[in-house]
């Protein structure tokens, strides 16, 4: 028969054990977490992140691969980096850069210019020249941009486009019924997106927020949306499922990949390394990466490593 | 339970599971060739991919942290609130209404609003703690209220002071209900942690959001099963504590 | 030139201004439409759950069958996070051509509402005054008549209370639909997060909480009218108060003979 002391001991022990286990489990260092897509947080040195350049990205596959490509190369060159989980939208990324929570991100020239309040054009050089002073105002710098571009693309299902005889964006005004545009929620406020189609093309589109990536294509297939604001390097374009509608009135702007970073972390070695990668990336590479991550479900980390190895960029 | 009944339950469960898997494959609308490239679940992701155990454990740890810390803080706060309610009866409706209102604020909104004032983790923990308040306070107060009047009178008759009575009679007798409340709060929070993915946390639910964004059902299945497993494990652990802590109440306490 | 310069000077500076300025909602849709969407998703889910759970629970409780199932159902319901269900079902729904709404969210909400409705109905019917049931049986009523005329009316207060809690939670959780391409009031919240418009997020929160509390209030009225006075639960202030000081021991000088002092 258990007496009171034994019972008390049992109770105390069991409570202590469980609390202890849970406390140990939860109070450990969270920094060694890895993202579910395999984007590892790399670092050099004895686990300190104080001097490491924090790289992050937006929340879609191409951005994750870009962050990995630049990050792994920088690390290979001996520069301490900390590749972090994706932050979110451009609005959130720039806020993080402002708040000194982030050091480096890979942006797209024209889209960044538009976000910062400038006037981007379809010309890459003009857009880059417009970008630099805008960044300087915010204490940021940009290294050389890449020739690789991934701009906005208004896409539709190939079958739908053929049925309705649509090849350019202007053709959309000839289609019967209300068309719904699908895109990320940020698209609602951005000038090259919903508003732009209204102002430049006179299209009165309804809007539906869908996660940027394969869900957009799923929405197209389900006819939830008829056209979608997607990326020009989308893998579904190369497989022929969706087709990009020609931007005959020049709404879409140049969107070269360009590293944007805080002036505080700017060093000649960093810029040299960034330029090396920027010079090596092409638009076909971006499309191939998207094919690998979105269709073949490979990890961004692996895709990045493989590309770096294939291009003899790793030591 | 007789052996025959156990056998019946087992057969029914297996049949349901088999039907479920068949139905899932049917219902997921996959054609034959996409089954090859985009199957519902890629077993190699779980078993052969090197990084998976590390990532899985990392996310589980984050999920646990976001569960345990709010519940612990909630217990402390709810104990205070319950003590106040027991002393000042009129506080009862005030506190419950307030906690109830907190409960109706959708978690996404609470996370997003708090994150503009605090860091991600602080915002998540604050929001999750507020959701535990209603459940815990309600159960704490109900537990103490349910203590039989006879026991209280006996304690008073023995000359116990107010606090002695609380410590030796009321709390032990209320323990089953209190521990049930803690268990319910914990399991509820495990489900709500996932929504903190909108502020870049999210624990195991990151798998679900990632899988949705990449059309990668393997991740979604993994996230779902892992979250449910975590909740079940915590539920069982807490039931165990309940059983150990209340040897005089070893009967099935209705949840 | 900063982003602020781009924005017009008539931007709202707090949530009430945002709510008043209907131009803020040209893309996300006006409040009545979204509120109606949220409401009918929730009501539909609740009705389906109630229609499935309440009759089944009542019958099973009356015949005292499947008691273990009740507790298990509640546990399983609590353990599965709603976010997960919505995500999975949106994918299934898209692949089968049913679109983003309404079936995924309605289904997820049904699963959310089922356990509390089922278990509370079960407990209420099972614990309905045994004396009344015994009397009814003695009077010769059939089992189904007992259920219909005695147990269910006695169980009504509890069932209504559970329904009230269930539907309030359903309305508050419906906001999750917006996370996976749905509409409804949750859309203000997700758009606000994406566009970093804090007032939109706050407005979404206020609207959802407001709708949930309105539904709660409506059900409170319904309960008050449908439940006859004798069956209403005792008000809280009738409970014995917890005294600060212990009660004085009874008359220490009298030997305890057990008789009246």
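Letters A, B and C mark the chains as written, and numbering starts fresh at 1 in each.
In this section, a contact is a pair of C-beta atoms (placed from the backbone, for glycine too) under 8 Å apart; a residue touches a chain by one contact, two chains touch by 3 or more.
Predicted model only: the values in this text are computed from it and were never measured.
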Compared with subunit C, which chain's mean CA position is the farthest off? A
With centres defined as CA means, the chain nearest the overall centre is B
Centre to centre, by mean C-alpha position, how many angstrom separate subunit B and subunit C? 17
Subunit A to subunit C, mean C-alpha position gap in Å, rounds to 39
From the mean C-alpha coordinate of subunit A to that of subunit B, what's the distance rounded to whole Å? 33
At least two partner chains per residue is the criterion; list those residues in subunit A. 88, 211, 215, 218
For subunit B, residue numbers touching 2 or more other chains are 212, 215
Residues within subunit C bordering two or more other chains: 91, 95, 97, 178, 180, 190, 193
Contact set on subunit C toward subunit B in their complex: 71, 74-75, 78-84, 87-88, 90-92, 95-97, 119, 123, 168-169, 171-173, 175-176, 178-180, 186, 189-190, 192-193, 198, 201-202, 204-205, 208-209, 212-213, 216, 236-237, 239-247, 249-250
Considering only the defined contacts, which subunit A positions touch subunit C in the complex? 88-89, 91-92, 95, 115-118, 134, 137-138, 184-186, 188-189, 194, 207-211, 215, 218-219, 221-224
Can you name the residues of subunit B that touch subunit C in the complex? 27-30, 86-87, 89-90, 92-93, 101, 103-106, 108-110, 112-113, 116, 145, 149, 153, 155-157, 159-162, 165, 184, 187-188, 190-192, 194-195, 198, 205, 208-209, 211-212, 215, 217, 220, 223-224, 227-228, 231-232, 235, 252, 254-255
Could you pull out which subunit C residues touch subunit A in their complex? 1-3, 5-6, 27-28, 91, 94-95, 97-100, 178, 180-181, 187, 190-191, 193-196
Note: in the complex, subunit B contacts subunit A through residues 37-38, 42, 49, 51, 54-55, 58-59, 61-62, 64-65, 68-69, 200, 206-207, 210, 212-216, 218-219, 237, 240-241, 244-245, 247
